[in-house]
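Across the two complexes that follow, subunit A remains constant while its partner is subunit B and subsequently subunit C.
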Partner chain A sequence: MKLLEVKDLNVVFHTILGEAEAVRGISFSVDRGEVLGIVGESGSGKSVTSLAIMGLLQRKKADIRHGTILFDGQDLLSMPEKQLCQLRGSRMAMVFQEPASALNPVIKIEKQLSEVYKLHEPARAKTCHSELVALLKRLNIPDAEDVLKKYPFELSGGMKQRVMIAMAVLCRPDLLIADEPTTALDVTTQAEILELLRLVQQETNCAIILITHDLGVIAEMAQRVIVMYRGKILEECEAESFFRSARHPYSQDLLNTRPEYFSGRFTSIEGSIPSAYEKLTGCAYYGRCRQAEPRCAVRTPEQIQCGDGCVCCLKYETGEGCTHGG
Partner chain B sequence: MAAEPTLLEISHVKKYFPRKKPTFRQSQEWLKAVDDVSLTIPRFYSVGLVGESGCGKSTLGRTILRLHAPTGGRVVFEGQPLFDMEGKQWLPEARMRDLRKDMQMIFQDPYGSLNPRLTVGQAVEEGVARHHVVPAADRRAYCEEILENCGLEKKFYMAYPHEFSGGQRQRIVIARALALKPKFVVCDEPTAALDVSIQSQILNLMMDLREELNLTYLFISHNLRVTQAFCDEIVVMYLGKIIEQGPAEEVCSHPVHPYTQALINSLPVSNPWETKPKAQILGSIPSAVHIPSGCRFHPRCPYATPRCQEDEPAWKDIGGGHCAACHLI
Partner chain C sequence: MLRYLRKRLLIYLVILFGVSIAVFVLMMSMPGDPYSWMLMDPNVDPAYVQRKLDELGLNDPIHIQYIKWLGRILHGDFGYALEGQATLDLVSQALKNTLLLTIPAFLLSTLFAVLLGIWSAMSASGNKILDRLVTLGTFLEVSIPTFFLALILIKWFGYDLKLLPVSGLKTLRVHYTGLRYVLDVAKHMILPVFVLTLTQTSGMLRYMRSAMIDILNQDYIRTAQAKGMTWRRAIWTHGLRNALISVITVFCMRLPGIISGALFTETVFVWPGIGTLNYNSILNRDYAVIITITMILAMVILATNLLADILYAVADPRIRLGGGAKE
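Take a look at the complex of A and B:
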């Protein structure tokens, strides 16, 4: 059994401007101990997917039309809130993009960290001080004792993100979702945080879903890659074959926009991602795609099994081009 | 390009911010954001300024344009001193305001730098009217043309900033700066808030406009890869001082300062099968209030020697315009 299985998930937001279809029927799974990278531009639905998995979408505003999310065989969507609360923080945890706004500004770090124990392992909550110090030291925080006595605003961005990671891994979760964990940080700090996530992954053997728009982060960390665009999965494959020979035109374009492939001009993708309010016919990437054909405007491509993954593009309908050229 | 005349000369610029004085302490503490920086920017050059956050790169950009009052030093723009703190010279505010036509800034956050109550047209027209770039009758047509050059259609002229995406807003900010036909533009992380695909669009636009309008850029960024591609020259700052400087390709392929090496090694790999040396610097940038003695980088430097703690390294030329400040060279 897979650790996490998402099947045909569909999320719609009801707003005053109308319905916004943020996630449009996606399916994927995560194995134990695997690092899955999800890439895509802002507005592609990556964060909504992760919030749906964690059960953090506001039930009033977000409507999960259909789909199932199975975590270790249990259906998260039909689970009562109370039971979900027991899972959250202990067996699955999340690291947010903005550590500054994810930590409570008026509570000291030690209390915020021990709260995790209070909820999930009350017996340990009172005596956890030395454990917390040991954990923070393990996460390369030099003066752990001091940090525990501080408020979030007294820490730097990288330090806050380390505290967030500590909070997420306290109960040794099976699944860790990291939503743009290094976007707000400097390159040097980013390298350290990625190193830390790798360490955590090796020690606890947890699965990590790493959401990012930085392909470098994916190249460093992920074993498998999912490319999302406008609420759909356009391509899924092993990380190595993604970087060697991505199939979907969007993946290819994304890979080409990296500044290290600069030759006199930056390769760009013209236009921008269609808004979630637009009703789409045909392929979502039609209009920006340089390999588009007239039929792409009218026919919606289905997901096609292709080599070690799958791709969602009419080009591969016949099964041609599905073998990796290496 | 070496023969191009100097457009901007920055010498020994300092910017200290006073710290709040503790009640019973007499001495004033200073945050030394920019500490004795000298830099010459030739005409038609793109100079990239890189470093971690907190190294003073944005403060330097703003101080040059006199958006911050400088603490010391001298800035000369086209032979005209903007300020000279030692010689007690100070270009009068009215003259400075006229000069701003030639020196513009593109800000990092396109959400914070546009007035939400002005339409796109108003935002762009404001400066054009102030500096009489074109006769009043042609103003509207001129601004529409600039916006179109920056990739915004005419129909958006009467729209308000909230109607645009981040990439489009950044185009408005760029159009607003370039409508004045400036000679020198400070770009403070112009693409940090944008997606990769949009980032390339904006950078290409800035490169095209540079050709068309003969611009000189000071490009502030923490993304070394983008800076390497976009700029002719790279300047690396650490804790308010320049520690390495040279032609972009040269600095990125043969960095000599341990800090620059660490910055480059911290960049994520391009492909999963690549390996890279592990970044060796630890910890984070110290506070600019208590600057370490000797070489400012020594507490984090893997190669630090006792000498580094005492002497401040001198500025050394390694040839080809590549300079660095480190005892180990």
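Take a look at the complex of A and C:
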């Protein structure tokens, strides 16, 4: 049994501007101990997907139209909040994008950390001080004793993110979702945080869903890649074959925009992602795709099994060109 | 922190000094005086009147009068009311009566405002009917004048149902003692306290509601949920304190009202409180009383400012430890 299985997930937001379809029927799964990278532009539905898995979408605003999310065989979407809360924080945990706002500004670090024990292992909550110190030290926080006594605003961004990671791994979760964990940090800190995530992954053997728009992060960390665009999965494959020979035109364009290919001018993908309010016919990438054909505007491509993954493009309908390196 | 408080206190002393000058000068430069009508008797010799006013120092230039007055105040002598009682006695008696109304009303309204505000905010993102009802209620309450509400209640509970006394602080012509006296006063308090509570709740409630709605969208509420807290628990343990920080100002702004009394409520219910006293003193040009009340109020307002600063520091480590907010 897979650790996490998302099937045909569809999320709609009700806003004053109308309905916004943030996630449009996506399916994927995560194995135990696997690092899955999800890439995509802003607005492609990456974060919404992760929040849906954690059950953190504001129930009143977001509407999960259909789909199932199975965690270790249990259906998360039909689970009552109390039961879901027993999983959250202990068996699945999340690291957020903005450590500065994700920590409560008026509560000391120690209390915010030990709260996790208080919720899941009350017996350990009172005596966890030395454990917390040890964990923070493992996460390369030099004066851990000191940090525990501080308030979040007294720490730097990188320190705060380390604290967030500590908070997430306290109970040794099976699944760790990291939603752009390095976006708000400077480049040197980014590398350190990634290193820590890898360390955590090796030590606890948890599965990680790493959400990012930085292909470099994917290359460093992920074993498998999902490319999302406008609420859909356009391509899913092994990380290695993704970088060697991505199949979907969007993936290829993304790879071409990497600064490694800098030649006097940065390449970019023309245009911008269609708004979530638009009703789409045909392929979502149609307007920007350089390999588009007339039929792409009218026919919506289905997911096609292709090599070691799948792709969502009419080009591969016939199964041609699916083999890697081809 | 202590250095900061000391600095603040010094500034407040200077402000208080300024207020005293302003109040005194404004009062004294108003046309007319309270003595003329006391001496309207045509049989009194005008020359004698002038001599008396000279003797009392009321014809001195205003700065001399101020210095003399300040000297007396600093010795604890607040002068006498026109009726002859010591001002301080008069004011402190009225103040006691007022506090009897305003303190329960303040506590109750704060409690209701905080609880209803949170409740309303939480239902704003779900069962909207509750939130709409609360919002409509506060709107209605703000729109109804205090005296009208008071009169309606007097009519219903005092006149039609004959459940509660309509006015005053105690039943006249009976002399209860001990517990029966307390009960009698309590019975008289019910209606005015109710009216005051109601009028004070709505404003604070609206502030609390919007502060709480703001908090509900904060990332740390989501983090708390991600740790395994239910939404409700996350709001109570992580949201409440942050929401209270943002209503400290409103809370402290309401504090002087405890002392200044509630003129309308006191008038309608014939409550011998400080609002009534102040109002009557102004009508009678009772300088000593007006100045005393005004000075007490000024001190209370400054004290609540200080209290607000202290509360902020206590509640918010970013202010206590400095610097973090701008990070």
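Assume the second predicted complex is superposed on the first by the 325 of 326 C-alpha atoms of A that agree within 3 Å, B and C clash if a C-alpha of one lies under 4 Å from a C-alpha of the other, contacts with A are read in each partner's own complex, and residues count from 1 in each chain.
In the analysis below, contacts are C-beta pairs under 8 Å (C-beta built on N, C-alpha and C of every residue); 3 or more make two chains touch, one makes a residue touch a chain.
None of the values given here were measured: they were computed from a predicted structure.
J.: After the subunit A overlay, clash or fit between subunit B and subunit C?
T.: Overlaying the two structures gives subunit B and subunit C room side by side.
J.: Between subunit B and subunit C, whom does A:Asp253 touch in the aligned arrangement: first, second, both, or neither?
T.: A:Asp253 contacts subunit B only, not subunit C.
J.: Where does A:Glu5 make contact in the superposed view: on subunit B (first), on subunit C (second), on both, or on neither?
T.: Neither partner.
J.: Looking at the overlay, what does A:Gln58 touch: subunit B (first), subunit C (second), both, or neither?
T.: Only subunit C is touched by A:Gln58; subunit B is not.
J.: Report for A:Cys85: first if it touches subunit B alone, second if subunit C alone, otherwise both or neither.
T.: Second partner only, subunit C.
J.: Is A:Ala219 contacted by the first partner subunit B, the second partner subunit C, both or neither?
T.: first
J.: For A:Val187, decide between first (touching subunit B), second (touching subunit C), both and neither.
T.: first
J.: Identify the partner contact of A:Asp72: answer first if only subunit B is touched, second if only subunit C is, both if each is, neither if none is.
T.: neither
J.: Can you give the closest approach of subunit B to subunit C, taken over C-alpha atoms and in whole Å, for the superposition?
T.: Taking the overlay as described at the top, subunit B lies 7 Å from subunit C at its nearest C-alpha.
J.: Which positions of subunit A sit in both the subunit B and the subunit C interface?
T.: Common to the two interfaces on subunit A: nothing.
J.: Mind pulling up the subunit A residues that touch subunit C in the complex?
T.: Residues in contact with subunit C: 54, 56, 58-61, 81-82, 85-90, 93-94, 96, 98, 100-107, 115-116, 119-120, 151, 153-154, 164, 167-168.
J.: Using the touch definition from the top, list the residues of subunit C that touch subunit A in their complex.
T.: 125-126, 218-220, 222-231, 238, 241-242, 245, 315-318, 321, 324-325, 327
J.: Please output the residues of subunit A touching subunit B within their complex, sorted ascending.
T.: Touch residues, subunit A against subunit B: 41-42, 142, 156-159, 186-192, 194, 213-217, 219-220, 222, 239-240, 243-244, 253-254, 257-260, 262, 265-270, 272.
J.: Okay, in this complex, where on subunit B does subunit A touch?
T.: That would be residues 52-53, 165-168, 195-201, 203-204, 207, 222-226, 228-229, 262-263, 265-274, 279, 281, 283-284 of subunit B.
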